[in-house]
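The following blocks contain the structures, represented as structure tokens.
Consider the two complexes below, in which subunit A is the common component and subunit B and subunit C are the respective partners.
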Partner chain A sequence: MRLYYEVALRSYRRWIAYRAATISGIVTNCFFGCIRALIFIALYHARGEIAGYDLTDAVTFVALGQGMLMVLYLWGWWEVADTIKTGSVVTDLSRPYDYYAYWLARDMGRAVYHLLFRGVTSFVVIALIFGARLPASFGQWLLFALSVVLAAVTSFAFRFTVNLSAFWLLDVRGVGSAAAITATLFSGFEVPLVYFPGWLLLVSNILPFRGMMQTPADIFLGHLTGAGALAALALQVAWCAVLILGGRAMVVAATRKVVVQGG
Partner chain B sequence: MDDPVIVAERLEKTYRVPVKKGGALKTLVSRGTQAVHAVDGISFTIAPGEMVGYVGPNGAGKSTTIKMLTGILVPSGGQVRVAGLDPTRQRRTLAARIGVVFGQRTQLWWDLPLIESLELLRYVYRVPEARFTENLTAFRDVLGLDEFLQTPVRQLSLGQRMRGDLAAALLHDPPILYLDEPTIGLDVVAKGRIREFLLEINRERGVTVLLTTHDMADIAHLCPRMMIIDHGHLLYDGSVEAIRDRFGTERTLVVDLETDEPSPLTGLPAEEIRADGLRRWLRFRRAEVTAAELIAAVSARYGIRDLTIEEPEIEDIVRRIYQEGIGTRNE
Partner chain C sequence: MRNEKASKSMPVMPKQPVPSVRPSVLSPQSSVLRTEFSLYLRFIAARIRGQMQYRASFILDVISRFLVNGLELAGIFILFHRFSSLGGWGVGEIVFLYALVTISFAFHEVVAQSFEDFSLTVRQGEFDRILLRPITPIVQVLASDFQLKRLGRVLTGVVALILALMRVHLTWTVGKLLYMPVVILSGIFLFAAIDLIGGTLSFWTIERTEVINVFTYGGVYMSSYPISIYQAWIRRTFTFFIPIAFVAYYPGLYFLDRTDPLGLPRFVSFLTPAVTVIFCAVALCFWEWGVRQYQSTGS
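What follows is the complex of A and B.
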């Protein structure tokens, strides 16, 4: 365990090394957050409530989304695919540690950096400008925190799987873009899933993506409480398990392929 | 002799590569494959503490061999054992007993100070803290790491990065070290420093070293033994001196004459290939005449002030072997 902590720590430090990138990242997150919030404000002039969300809910949702954006890192994460392309994955696979756990630790170190430095800041800035609804109890905060951790793990497990497809595909970016669009849409990042028409909502409720954004947001806003919140967390855990097991199976298959066929 | 630490017996690796037939559309539909014998039945053993140069032109099968020795490639045929282990089946166990350095690639964390990568390895290989500190101190000293230990790896020069990579490969006390072109792209001073370090860890720690290189000076400085591979076949396995004796069939006698003579000198069992005033270069074949006989023949006709014998460069010999083959394969 100590090893994976040390890996996560280095990954965290690695991101912290670029201060200018952090600052420009916050500015970008806030800028787009403002645009998104203003669109919702215009929308809510026409109607006071949409699918159980009032304006404060919608604006808070935007602030949360901008804060979670880089924690989830749905766009542009190719670290694993790049090692496959350059061939250095070969040495990584033969190191005396668990390859999957190693990358999970790396990504968690990164996610902590993005949560602390870009997530919290972006949320606070947007919330200060437009107002926000905060959890009312400590229990709600706790459930939210748990849900965010699960969201980060789900996101990693999903992206890792996409990256690993580089073992079989010549170029992973095409699949990667399709995957990112799907994840962005069905996580609720673009608009809250509750806005979706009934059949689409039904589909998106069982997909793993809602656990990345919609579930933590609904817990934060108090739309998911008690048994409903626990059921949503259970679904997040289940999807984490499925994605992790699938990813690990891919690692085994990829190792066999590399070892037998050569890099 | 000790039990060998690396054994390869009739080692083979065959890749199946797709062959393109016809146009682009046809390629999508049906792809034939063709077998490529990257390594084609090579056998050798390496004893503990040996330092062996593994040489061959690009695509000869060097990297494929090393990958099979580390267990990241399964041989298509033959046997391989490293440190008493079966590399493919016991890849993780073996990983703790070997150090690997790729000259073209780094295993260090690009954005972090060098020390961070080195310290992480302590946890990767579970090196006891006292042992780790001892090794790190030794390497800091010999490799002069102190001047850049706190510098992010991306800012290091190639030579510095290489020194860092070497330290990283050896912190867990592996008895075997594989080096894939460790001096590629380095300047003369940096090369010298790497070579000195390799000699030292081989001498002091008894590390067995197998290194691939295109720089024959690496071999001349480091490796009493060299193996030459081409097209998957082992062309030569023996000492560096022996390759000179066997394949360096022509040598050159350089003489400084006492008085100027018309060029070329005549009546000698050698050919004058160059003249520079009183200095003459006489090429002779060792099969036809010994150096002593030639010197006697020259001094019988001309007055000699000084002489030296030039051995062929290993580089020239190896180039000839690459180009012409040896004719006596796998003997």
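What follows is the complex of A and C.
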């Protein structure tokens, strides 16, 4: 356990080193957040509640989305696929640690960095400009925090699986973009899932992506409370388990297949 | 210029008028311009030939780009399925604005993306090599990254345009038909000029100037909606400072026969080419100045 903590800490420190990138990232996140919020303000003009969300809900969702964007890191993460391409995955696999846990720890270190430095800042800035609805009780904050952790793990497990496909595919980018598009759409990042037409909502309900954005947001906004919130968290846990077990099975299958070409 | 200084420091050289090896793009020497342009065409012809060698990978790339950008378009349709209109604008009209800005931006990505990654060129010392060749640097940089696969995004724009025209029944006039290509061409140049400014900044910053993304990608995102919904400082920034509002919204008012809710006079719709020319001139001057100030990283 100590090893994985150290791995996560190293990864966190590696990210923290790029201060200029952090600042320009925050500026970009906030700008996009402002545009999205202003679009919702215009859309909600002279309208009350749409699909159960009022304007404050929508704007808070935007702020949360800009905050979660980098925590989930859905686009352009190819670190594992690249090691498979270059062959350095062989060294990684033969090291005396759990391959899956190592990468999970690395990604969690990164997620903590993005949560603290990009996520919280972006959320606070957008919330201060446009106003936001905050959780009313400590319990709600706690459930939200749990949900965010599960969202980060789900996102990692999903991206890791996509990366591992590089063991079988020559070019993983095509699958990767398809995966990122699906995840962005069905998590609620592009448009909150509540606005989806019925049939698309049904599709989103049977996919794991809802747990990455819509579930934490609904807990934060108080649309999921009590038993409903616990059921949603349980579903998140279930998806994490499925994706992690699937990913580990893929690692096992791949290690059987890998042939090391002697140098 | 640097080469003139160098010749002064060497007294052995006979004193004769040294022809400018590296002509400025701004100097209107038509024969030079013509040679440079034909060279540029030959460069990109070679690039296209190279990129078409991997036909399957090219097609997959185009499709994947088409889909990635289609996500945003799908988002607009999903939102309007619930909200039906935005300040009197229907989904067709919003998608029309989206199409205009996307087509311009996507064509700019095909021809002028190289300036987005220009900081890498500077950091690796590649720009020193560019300065040594007897071709205008800007032509070399432009020709260095001509990517046909980015046509995937153009495809998204064209599909959006078709979907928009199926919903808003535009009353076409000769004027509109003639002005539309002008607007799209202006948009391409405007985005290229923004990238050129961002690229020039990397002479000093070395680091990739990510904040410029706010103006390019952020500008594109913002332009799909009527500018009138934004706050004054955003409207002013994208009208007077980085004039992206002239890519879709202002000309869009003319195409869609709408008036600006903030009471802008009608002629503003027709300022797009003029604004583009001015902005490009400013960007080119900045670039030329930057090239003169340039000091190699030495590595």
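Going forward, the second predicted complex is superposed on the first by the 257 of 263 C-alpha atoms of A that agree within 3 Å, B and C clash if a C-alpha of one lies under 4 Å from a C-alpha of the other, contacts with A are read in each partner's own complex, and residues count from 1 in each chain.
In this section, a contact is a pair of C-beta atoms (placed from the backbone, for glycine too) under 8 Å apart; a residue touches a chain by one contact, two chains touch by 3 or more.
Computed from a predicted model, the values in this text were never measured in an experiment.
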Are subunit B and subunit C a fit on subunit A, or do they clash, once the structures share the same frame?
fit
Subunit B versus subunit C as contact partner of A:L116, first or second or both or neither:
neither
Mind working out whether A:A42 is in touch with subunit B, subunit C, both or neither, as first, second, both or neither?
second
Which holds for A:F196: it touches subunit B only (first), subunit C only (second), both, or neither?
second
When both partners are placed on the shared chain, which of subunit B and subunit C touches more of subunit A
C
Mind working out whether A:T28 is in touch with subunit B, subunit C, both or neither, as first, second, both or neither?
second
Would you check which partner chain A:L3 touches, where first means subunit B only, second means subunit C only, and both and neither mean what they say?
first
Who does A:L230 touch here: subunit B (first), subunit C (second), both, or neither?
neither
Report for A:A249: first if it touches subunit B alone, second if subunit C alone, otherwise both or neither.
neither
Across the superposed arrangement, the tightest C-alpha approach of subunit B to subunit C, in Å, is 10
Across the complex, what residues on subunit B touch subunit A?
13, 15-16, 38, 64, 67, 70-74, 88, 91-93, 95-96, 100, 102, 105, 107, 109, 111-112, 116, 119-120, 123-125, 152
Residue set of subunit A touching subunit B in the complex reads 2-3, 6-7, 10, 13-14, 17-18, 86-88, 90-91, 93-97, 258-263
Applying the document's contact rule, which stretches of subunit C touch subunit A when the two form their complex?
57, 60-61, 64, 67-68, 71-72, 74-75, 78-79, 81-83, 86-87, 207, 209-211, 213-214, 218, 221-222, 225-226, 229-231, 234
Subunit C touches which residues of subunit A in the complex?
20-21, 24-25, 27-28, 31-32, 34-35, 38-39, 41-43, 45, 47, 50-51, 171, 173-174, 177-178, 180-181, 184-185, 190-191, 195-197, 200
